[in-house]
Every structure is written in structure tokens, then in C-alpha cells.
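We just call them A, B, C, D and E in the order they show up, numbering each chain from 1.
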Amino acid sequence: MQRIGVFVCHCGSNIAATVDVKKVVEVIASEPGVVHAEDYQYMCSEAGQEKIAIAVREKKLTGIVVCSCSPRMHEATFRKAAERAGINPYMVEIANIREHCSWIHKDINEATEKAVILARAAVAKVNLNTPLTPGESRVTKRALVIGGGIAGIQTALDIADAGYKVDIVEKTPSIGGRMSQLDKTFPTLDCSACILTPKMVEAAAHENITIYTYSEVEKVSGFVGDFTVDIRKKARFIDADKCTGCGACQEKCPSKKTPSEFNRGLGTRTAIYTPFAQAIPNVPVIDTEACIKFKTGKCGLCQKICAAGAVDYTQKDEIVTEKYGAIVVATGFDTISLDKYDEYAYNQSPDVITSLELERVMNAAGPTHGHLERLSDGKAPKEIVFIQCVGSRCSDDRGKPYCSKICCMYTAKHAMLIRDKYPDVNVTVFYIDVRTPGKNFDEFYRRAVEQYGVNYVKGQVGKVIPQPNGKLLVQGSDLLDNKQILKEADMVVLATAIEPNKDVRKIATMLTASIDTNNFLTEAHAKLRPVESPTAGIFLSGVVQGPKDIPETVSQAGAAAVKVVGLLAKDKLMTNPCTAKADELLCNGCSSCANVCPYGAISYEDTLVNDHGIRETRRIAIVNSALCQGCGACTVACPSGAMDLQGFSNRQILSEVDAICR
Amino acid sequence: MYKIAKENLASLFALINENNELYLPVQVAGQTNFAAYTADANVDLDTLKTVKSPKDVFFPQSETLYTCNKEDNKLKITPEKLVDAPFVVFGMKACDIKGIEVLDRVFLSDPVDSFYAARRAHGTIVALACHEPEESCFCKVFGVDCTEPAADVATWMIEGELYWKALTEKGEKLTESLKSLLTDADEAKVEAEKSAVKEIVEKLPYSNLSLEGWNGDVLTEKFNDALWNELYKPCLACGTCTFVCPTCQCYDIKDYNTGNGVQRYRCWDSCMYSDFTMMAHGNNRNSQMQRFRQRFMHKLVYFPANNDGMYSCVGCGRCVDKCPASLNIVKVIKAFSEKGDK
Amino acid sequence: MQELINRAKELLADGTVARVLGWKIGDMPYNPEPAYFETVESLDKFVYNGFCGANLSKYMIEASKLEGKTLVCLKPCDSYSFNQLLTEHRVDRDKAYIIGVGCKGKLDIEKIKKTGIKGITAVSGAEMTDACDTLEIDTIYGKKSCSYNDGMLERCHVCKGKEHKIYDELIGESRDTCDKERFAEVERIEAMSPEEKFEFFKAELSKCIRCNACRNVCPACSCRKCVFDSTKFDSAQKANVDSFEEKMFHIIRAFHVAGRCTDCGECSRVCPQGIPLHLFNRKFIKDINEIYGEYVAGAEAGSRAPLVNFDTEDAEPSIVNER
Amino acid sequence: MSHAKNQAERIREISGVNPLKCMKCGKCSATCPAFNEMDIKPHQFVSYVANENIEELVKSDSLWKCLSCFACVERCPRDVKPGKIIDAARQLVVRERGGNYLSADEIPELLDEDTPQQLLVSAYRRYKR
Amino acid sequence: MSVNNEFRPKIVAFCCNWCSYAGADLAGSSRLAYPADVKIIRVPCSCRVNPMFILRAFEKGADGVIICGCHPGDCHYSTGNYYARRRMTLLFSMLDYIGVEKGRTRVEWVSAAEGVKFSDTMNDFVAKIKGLGENVRLGDLRCKN
């Protein structure tokens, strides 16, 4: 049995005017476990807190009930007071007799009676309280960024600038991501490479940043502050320390027919390759599926030509194991597959391309060296049709239900650039809505219409029919004229919906981060914690959280970095002691609790238990208190009552119920 | 000897109920158990065996012992009142009455259980002889004569008439108060009924079960027998056998917080339960084999050892009918004798 | 049955399995008991007939802890329970060799006796080999008979089907026994007034003797220690007293198995007081199906039970008032 | 419930389509091979039902111009299925007039292996006027 | 509990710490009255509410039990109230099935900003429970005296 002290606050007249405070003290003093009861004008004042300290000393209190305002107001205050007085802060309970009583009731008898009941419930709870100590866990002062696009680079740079080590893991041979494939960026039309490349160089040169390209995260264990990650460094077959990046190997490589990933398959590359000229690191990789040496054992030209002797056909994948305090997911996006959209003839005509492919076509380093030409015959197009919302805003299973957000702006950009460079080319844009929220965005779109004469038609395209003469017959709606338009175009550009990178579900599973039905990672709170995953220590940067453009991505990348830095700045993490805990003798190991845990805090271990003399190995739930946030979902999912929540235990809540109902 | 026509039994019960609480077999939701008589109760004398034995009339499944309340700052303890009004149990069978004999050994020996003793003192038992014994019956094995129940009053239901014979002083007294409804009868029909039923009893499959080898002297031998390791396996550790049994007498004492105080009550417990006799140090029987063995060892070895050879099984066969895993005391006895034969 | 025994002997003899979990011939015509057989000879006492209603899947929890594989005979409906136990990591698939045994409906001896048949000494027609038409019953009071279907357990009249959801091999034919609407009884109760509902369940539950047979036989109630036995939750109960505890027990029990109960009907089969306990579980199944979409517990190992799942568009609890 | 509302509800019920899902992209009209023959265009079918302007809709020639090719149903990104709506509108008319227009004994000669069944059903209501 | 023969129900309200408890605080600081019959128990999340707690309240004499949590989609723990919603729906349906009057239990989503809604909800709930009268179908008789 506890030795409980009850302190009833007048709160000036806030409580005392409606609740007979003296009566509460008198009644509560005879409750089981109560050894001290008193009232005071302002319990939260210095003097009030001192009264608690004195009572703790003199009456040897082990538990405290303060009848006062809402615990949301002063629970922390009284816990600290208790701690100063020498008892565990979690031995304090608050009976809310102000917001939930004196302020809403007028009849003094009624309010007093209710105050007594609320106090009794608090006393009943404290009787079952146990001292709790916040756990401590150490923080590894190193962050991992998964994905080396603009989101990952920016997050890494911001973390590194704050003085913390950060590693970037990038799947492809170079960092740079989607942004490196873009030609110009809206709304300022500056060259993408010109603004991205310096950031790539900065990241590569930063003393706090380690870049693992051509690498993938293979395994993640641990929890916030203390993750252990296995990174697979795929064999490049090039010794990066020796390679000078001269490019001679790529010039001589006889296998030249592999479609270039960087150019979206519109051009080809060699078997030994760097994806693009400004790649970082400027170290090629050998594609073993295309390499003649690997396929037939003959060739070996690159090794012969390499002056630095960097080519090593025996190189093996390598696993690097590293510890991290925080992990940022910045895995970005890809365009959706258009296989289900036969009506746009994407698979039938090379002149129907996606907007991302157009970026490559427009780019000086691209397959056409920046000349706008038809990919079928290399002729200059005279009539170009853009189709918006291809696969976005679809409620069927062909597309995505969300708006891809960036298409309206990049289509305006493309239209404008074409009209600027090739004034004789007619550009028609079929749109459903033009969505341009953003600074200088609508102005940008209006410029495309007003200044550059882009023809915007409200209506969707129903069908693109390749003609025998090589033209594309576009059949679309003009809803404002209520007409069906038939237009012969030379090129059709599809504003294809974007979706999270294919690998993200695998990564989310490794990280136990929650993911939505569209494969975007879920935020801890849609409004207030948009860059954090509900899983502690996991942060989101860029399109992995939802469609966004470059400026938004960069802002979010910075926000994620700040959250990471905030975490890494701590030497130790204090964990909420009100976490779930499984009684190993009652646990069935059935996994119900883990199924409802939003934080992936529950795992199972085969544990040797001694159940009243029976020794056996059982599958037992283990709660990681660093991850558990204390919601209690697991406690109800658990049929045997093995899982309980400290600070809000089953018995504590039942005792409150009993006290209220008696 | 008296008799009363079956259709007049309702009046008889009403008359008994005027001066006594009356318990008798009542059907509720398709099942017949002993319950207090009410005018609209669905009395069922045709079902041979009630699901639960009538022991709960004397030893209820749950009964309050005393209540603690807080008065001012003091604790006030109010013992539960003992039964002090006469009551009648109608329709107990010979085996059930034998069961009461077993319970008497436990509760009326020193220290006397005052709650039980009060009920025994105030209760009058009117027994009903068995008419159509069933295949699970084996009362004969324990020396019970189902045609001649040894109660305060014995009755027989023969061709729509209930024959009534007082056997004790209590029985005479009750009979006296019911005279207005009873008519005189001779015993010829009853004797015929008895011998007819006895013939049936001889034909019952369990009637010639041998108890050889089961007595108070075989404790160590039986206790250590490896056979238990096989027999218990299908056991689900439920309390069905215990709770339908007329002789199981174990109970647990628990407290119930009413909000205004505490009621200390006792309720039936089952040696099949994992928390049975759980103590601070743990449990002295922590495997189901041990718990299973306990039940049968108690009935066939420990109890006779302490009670002049009296078994604490009466052969009512309720466990045979009700065990969810089709286990029962007969299978245990047979398994041991088969093993002996080998 | 002989095919089953032969196969079991074979598997036992060649060491594939260390023991056989099946049914042993009883000492009455209708009371075979679940049993382990560890030797080929002991299998002479193996029986599989219409009275082998017991669902053996729960015994596999203990059997999974033993050395070697256990051959377990599962009827189609039992296989759902096994899957559910597998989902909950309570049994070890690698420790089980599952023979899916055919089923032609299982018999309820209580139901047969309720037709007035007393003093049974022999029953023919309950074997699995024949057409399951009529049970010829010898009693000490003469010869009686009862149609197979009239003697069948309630659960067989609403059988989930002849398909085994998990097995290593199949032996024996099954029969379609479903001839009643599964939720008809639940619907009948739902249509009652609150007073009638209350009286119905009061009468049924007043019979409860808290023997825990329903719980202990239930493959979904696989807790090592039930909350109602545990002091930790302050919820321990032993007796059926004063009109509340039996409700608490049965509601919570049904709630704990909601979404996990395969409707195997064992609870109702074993209740010594004949309480139709399946009506609780089936109500939850019906609600789940209607509100959250069809879900069959145990149809597939590893599926996520409805109560540890959600949809953001789920109905609000107020739907109960509208129904 | 007003007559118009009632009729709109009937169309929603028969077609199984929720016209409110339409985002007015016009892809149905863009895709329709009979567009030029129609007075009320496919994308308008949807808004006519949404606005409960059924009287106008059922008077429309479009009802009998629609080929039931279901290109609009296939391509609609919002699962609104204008073709189903027009089909439902036809049914509404047919039901009110109380009969089918194609008699059963005329079917065999019309049957062709490649004919979609849906077309036949639609034909019941369209031809032999 | 009855004074002057007026039926005063016992009502237990489980409120999640992040939304509804704060909503109740707001009702208090806005002086929005509701009957003193309502007593609030603070839980971290509506998903902490075990059906056992609700039955226990009825056992011990409560006449109504209400569970308040964050609006679906706004749960502090992302998903807690979704689980609570399913659990309570099924439990309430079961209570209805065994003959407990509809309306003795309720779930209401109340945000931290909805002081008015909190107070309105409680006023309405108390009125409904008063209409239903004393809970006789779910109590333990031992607690009735």
C-alpha cells in the first residue's frame, strides 16, 4: 500500500468558488492509502510545491495526488516538484477538478461531490502506480541518407554542414537523381545541370559526407539513435582509387548497344560506362550483362587500355556495416508504366514520348544533342501535342488517384521552351485543369499562353492514332467549344504520372516505416510532422513522401536535415517511460500486438522462460521502449493481458473505473 | 406408504412450498438442474440425471461468507447469516444422496463447516427412485441401490402415480404436513418396480466394473504408475467433471470489491485448473498429468484411506456423459485393470 | 478408416512421424477420445467414425513441442483452426504431418439422446464407410433408430465445405452436409426486442457453470493463461455469480476470438449445459462480414484478422444504432 | 422525391455509376466514334444526370446514336462510364414505353461470334423502332 | 444515485489525452456546462480502451460509457482510433445483441478545438441515458446494495 498525500488546490477562486475544498480534503483523508491531505491557495506556486516537499519528508509519502487544473497544464510541474522532494515523478497523479469540474458546474454540492470522486479515482490509480524511469539510449552521431538525388544531396549537405557525419547510399552509379536528367527548371528556366552539379561536387568533396554509389541498403536493425545498416556495394569492376576518370575505356568498349538508362532508353551506352559526363564519382562501372568479357570470356579491351590499371574483373560485391543515429529516406520517383494506356500509342510510335524523355531530347547532352526532332525519322516537328494528366487522377487500376503536381508546370515549361526556340512549331496542350499554385507559377503558365502563344485546349485526349504517313492523329475534346478535335501532330508528349521508386516498399519494410496504398511513405502527422515517419529516427525527404517539385523538395530536404541534426545533437535519448511491456509468462507470441503497432516497436524472440517450474523456450513479444510511443493499441489486441502499458496499466484504469462507479 | 397422482404433483409442490423453500429439477433453456420452485417453473421429473448434481442445494457453487464495510474509519465485518429456515429437496436420486454422504464426511467432520451443517440440519430430502437407469450409470459398483434411495422420504414414480414413503423422523413430519393430498397405498407395485429396475441395472454395461486394486493402501504404487502419463493426454483441463460431480467438494475463497466494501465468498474450484491450490511459492501440481492424477487418486485412493474405505465416487455417470474429451473415471479404472491383466 | 490406419502405420514405421494424433476407440459406442499413438500396434485401437467430432488442431500446440513430427488427422473444418494457429505462431508446421480426413458430418450424442433414446449399448451406421442414412441403435430398452442427419452436430448443418485448407495428404471422402442457413439463428435473435434478447441470453447463460470447457476446447482460445485465470488483469473469475460474471466472461471470450474464430463449433459441442455458445462467435463473424467485408478466419495462414486491421473508411460505431 | 430526381436515381441505380466521380476531363467525348452524330455529347450525359435533367436527356437523339462500343467506359479515368449511363437512359425510355424492340426469334440471324453480348442487349432497345 | 427521486446516472467517459481530453479542457475553460454525472478517465489513446474496462464500468454500476478520441485521420499515434473504431463497433453490436439497450455506449470523435462539441455531446449523452434509466441488465447484483 502506498503512503499517499493529497493536495487540493483552490486556484484562487477558480476552484474554491464552486468546490468546497475543505470538504474534499476531509473526505479524501479517509481513503485507503491516504496519509496526508491538505489544501492550498495555489499549489503550482513555489510555496505550494514546497508544501509537497514538506509532506513528503514528514509523512514519508510514496505517492502524490494533486487536485487542481488539467494535467495538461501542470502535470510536468508537479512531477518535477515530486522529483525534487525525492520521490519518483511518475508517482504523481492529477485530479482535474478545475476544467472538468469547478468551471463547468454551478451547484457547489454537486461539484464538490464530483471533485471527491475524481480525487478518489486519482488516489486509486496512484495506489497502483510504480516508479518509472525514462530509459536512455545512446545516439550514434552519424546519419544515413538513402537516395542520392537532389533531396538526398541537400539533406546530406545540411546535416554535414551542421557538423555531423552523413553517408549517402545511391543505387545507380552516380548521384544526381532525376534532376540530373532534366534540361531546364521552372519557373526560372535555368539549366538544371548548372544548379545541380555544384551541389553534387560539394557533396562529394565534403569532409563529413561519404557517398556509396552503385550501392543498396540490404539490412536495417536497431532503432532511433542506434541503427545498424548493411550496405551492399555492388562490384563496379573498377578500382575507384586507381581510376582517373579519363574515359578511354568507354571510348574503346566494343559493346555499344545497351539502351542508356540516363537517356531513358532513347540512346545507347557502352558496357563500361558512367551514366553521364558530370557523374559523381567519375568512375565507370561494368554492366556484366552487356560486357563481352563477362559474357564470353574474351575481349578485356578496357583492362588493356586502362593506363591506371584500374579495371579488375574479379571484384566482388562488398558489404559495409555501419551504425547510424538517424535515417533519411529520399528515394524519389519514377514515371509510371504506360503499358495499360494503349490509346496513347506510346508503345506503337517512337514519336509519342513522355515528358521526362522530352527533357533528354531537349538536352544538349541528350540523344539528339538538344535538337528537337522526331525520334522516328529525325525530322523537325511542326505540330506538337501535349497531353496532361496521363495516369494521374485516375480512380481505375491503370493510373494513380493522386495529382502528380509537377506536370502542369513542366508542360508549360516545355511548351514555352519549344515556342521560344522554334517559333514555327505549333504547340497544343490538352488539359483538364491547370494547377499552378506556387510562387510565380501561374504567371509562368500565363506567359506560355500570352507571350508564347501556346494553345491550351480544355479537354482530354481520347486516342492517338499513328497514321501511315508517319503523323499522329490526335482525337481530343474541346469542352469549351463542345467539339471533338482531330489534330494531326508530329509529336505527342505525355505528362506521365509519377510514382515512388519501385524499391521503396522493400526499404520501408526494412525500416518498419509505414507506407500508404500509393507507396508514398506516411508522415508521423500530416500537418505537424510532415518530414518524420511515425517510426522514430526515420525521416522523409522529397517525393518519397508525396509529389513535389524541386523548390519544395529542397525545402523539405532542409527540414528533414534539421530534424536529424536535432536528434544527433543529443548525446542520449530520454525515452518515454510510459511504454508497453509484455509479461513473458503470459505472452502467447501470437503477433496480434505487432500487427497493430504503428511504430514497429514490437518484435519476437525465442526466450527461455521459467513458468512456475516449467522451463521452456517460448516466442515472446519484446517491446523496444525507444520506439514505443505508448498508445496502448497492443494492450487491447493482446487477449491474454500479457501486454500492458506502464503508467496506464489495466489495473490502474480498472481501479479508476471502480472508484468512479462506486 | 402413500401415493399421489402425477397430475396432482403441482398442488403437492405448492403445498410443500408454503412452509418450506423447495428445490427440485427444473428445466431452463432445455437443460434440467435443481432450482428453487416457483409457480411457473418448468418442473422436470422425467430426466434421469440433472446436469449438475443437486449438491449445490447444500453446497452452493458460490456463497458469501462475510462482508466487510467501512464505517467511518473502522472496518465492520458482517458474517453471512446461516440458513435457519426449513427447506425440502425433491427428486434426488440414490446416487446423489450417496454423494451427500460423502460430503458429510468432509464438511461435518471436525472442523464442522457451519454453512453446510446449517443447510443439512434444515433440509429434508425427498428422493425419487430411478425408473430407467442409463448406460452411463454404475452406482451398483459403489453399493448404491437406485431402487431404494436412503433419504428422509423415498418415492417411486409408477404408471402415473408417485408412491411416497417416509423413512426418517424429518420425513414423517413432512409427510404429516402433506396428508391432505396423499392417499394410502400398498407396497406391491413398488416391490415389483424395484425388482424390474434391478434387473435392468444388471444389464447395464458398467454395472460389473471391478474396483479391485483400488483402496487406501495402494497409494505409492498407483501414484507412481506410468499409466497416468498416457491417460491424462486428451484432458482439456476444464472443470466439467468436477462441477457436475456430486462428491467434488473443493472450493476457493475469493474477495469481491463491491465498491462499498468487500464480500468474501467461496466458490467451487476444480483440481483440473492450473491455479488450483496456487500458493505463494507457486503450485504444487504444475502439470496437467499431476492434476488429472490428483482427481482420480483422491476419489479412489486418498478418500477411502481417510474414510473407512468409502470411495468418493458414487457412480452417477455424469462425468461419463459430459467430459468434452470423452474421458472419465470408468476409463481410468478399466485402463488400470487392463494393464493388470497383461 | 482402414486406409487411414494403414497409412498411419506406414508413416510411423518409416520414421516420417514419431506419433499419430487421432481418436482411440471408446468404451461406449459413442465416446472415442483424442489420443496419441506411438507404436504401430497401438494403432489397432485407432478409430475414425461419426463420433470423432473433436477438433485435434489445438492438441498440436503441445505436440509442436515434442521431438519429431506428429501425424495429425484433421477434418476440413479443423484445418481452418490449424491455419489460424499457424498464423498466430502457436503451432509449428514443420512438426505436423497433416492427413486431411474425409468427413460426412459428425454426430452429437446429446442430440441423439434428446430424441428419447436411453441406455445405448451399440450403434451401427456411424462408420465413415457407409452412406450415413440411419443409425441403428441397440439399447437396454430395445432397438431404436435415428436418422444420421437428425443426430448431427449443429455445426455440420452449416458446414463450411469439404475442402481442407491445409494438408500433406488426403484420405477419405467427404459429404456435403450443409442444409441450414448459417446465420439464421443469429438473425432470429437480432430481430427480437431488447427485452426478448435479454431474456434469451439470461436463460442460456444462467446455466453456465464456469467449467471453462468452451474455452479450453477452443483452438482460438490458445492463451497460455486466460485473463479470467490471471490475477494480473484484476479480472480473475471462477464462478457464475449474481448475473454479471457469466456475461462478462462470454462477451469477452467471444471478443477475444472475434476475427480469429473459425466457427469450428467445438464450444457448443462440449458445453455440458448445452448453451449455444457459437451464437456469440457467429454474431461477430456476421458483423465482420457485413461491416468490414467477408473474412474467413483460417482460410489462409498468415492473413490479417479484422480486429488487427482497419480501413480509413470503416463504418462508425453508431452504425450499430442504425441496424 | 420529384420525378426528375427519381429518374436520375433510377439511372444511377441501373448503371451503377456515380456521376459525381466525374472530373470533367472530357476523355469520353474525345474518345467517342459517334461524337459528331450526337446532340448531347458523352461528357454531357454525366452532367445531365448529375443535374437531374433527365427529361432533356431522354429526348436526345444521342441515346440512339451511341454505338455501345464502350470506349468511353474503358478509358474513363474516373470510372464514371458514360456509356453505362446512356445505356441506362435507354432502358429508362424502353421501360416506360413498355417493350423491347427486337423480338427473340430475330436474334439467331443477328448472331455473330465476335459480337459483344452487350451490343446485342443494347440492340434490343435500339433497332426495329 | 438518486436525490429527490431524480435519477442521476453514473457516466464514465474515456478520453484520449491528445484530442478529447484537451477538448474537455477547452469546454472547461470556455465554461460550457454539462452534467456532473460525467466523470472522465484519461487514456493515452482511444485504442487503449479495452472492452473489459467498459464492461467493468457497467458491472460496478455505470449507466453509460462514452469513448472519445481524435477524429479518424488525426490520431496522435496515426492509427489508434481506427482500431478503436472497429473494436467498439463490434462490442456495441454484441451488447445490443444480448439485449442491452442501444445508446448506453457511444463513441464520439472530439478534437482539442471542439470544446463546444464536447459539452454538447455530454449533455446529449446524459439526456439519452436519463431517458434509458438505470442500467439493470449489465450490473453485478453485489454492487447494487
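In this section, contacts are C-beta pairs under 8 Å (C-beta built on N, C-alpha and C of every residue); 3 or more make two chains touch, one makes a residue touch a chain.
Predicted, not measured: the structure shown is a model, and the values here were computed from it.
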Least hop count linking chain A to chain B through chains in contact: 1
Each chain counted as touching chain A and chain E at once: B, C
Shared interface partners, meaning chains that touch chain B and chain E: A, C
C-E compared against A-C, more contacting pairs: C-E
Chain of greatest Cα-centre distance to chain B: D
Distance from chain D to chain A - Cα centre to Cα centre, in angstrom: 45
Chain centre separation (chain D, chain E; CA means) in Å: 51
Inter-centroid spacing, chain C versus chain B (mean Cα positions, whole Å): 30
Interface hub residues of chain C, defined as touching at least two other chains: 225, 227, 233, 235, 241, 307-309
In chain E, residues with contacts to at least two other chains: 51-52, 60-61, 73, 79, 83, 87, 140, 142-143
Pairs of chains in contact (touch as defined earlier), listed by label: A-B, A-C, A-D, A-E, B-C, B-E, C-E
Chain B contact footprint on chain E (complex, rising order): 60-61, 140, 142-143, 145
Residue numbers on chain E that touch chain C, as the complex places them: 51-52, 55, 59, 72-73, 79, 82-83, 85-103, 105-107, 137-142
Residues on chain E engaged by chain A in the complex (per definition of touch): 10, 12, 17, 21-22, 24-25, 27-29, 31-34, 36, 39-45, 47-53, 56-57, 60-62, 73, 76-80, 83, 87, 119, 143
Residues of chain B touching chain C in the complex: 28-31, 33, 48, 51-52, 61-62, 132-136, 200, 203-205, 233-234, 236-240, 242-244, 252, 254, 265, 267-270, 273-275, 320, 322, 324-327, 330-331, 334
Chain E contact footprint on chain C (complex, rising order): 186, 189-190, 192, 194-202, 227, 233, 235, 241-245, 247-248, 251-252, 254-255, 258, 280, 283-284, 287-288, 291-292, 306-312, 314-321, 323
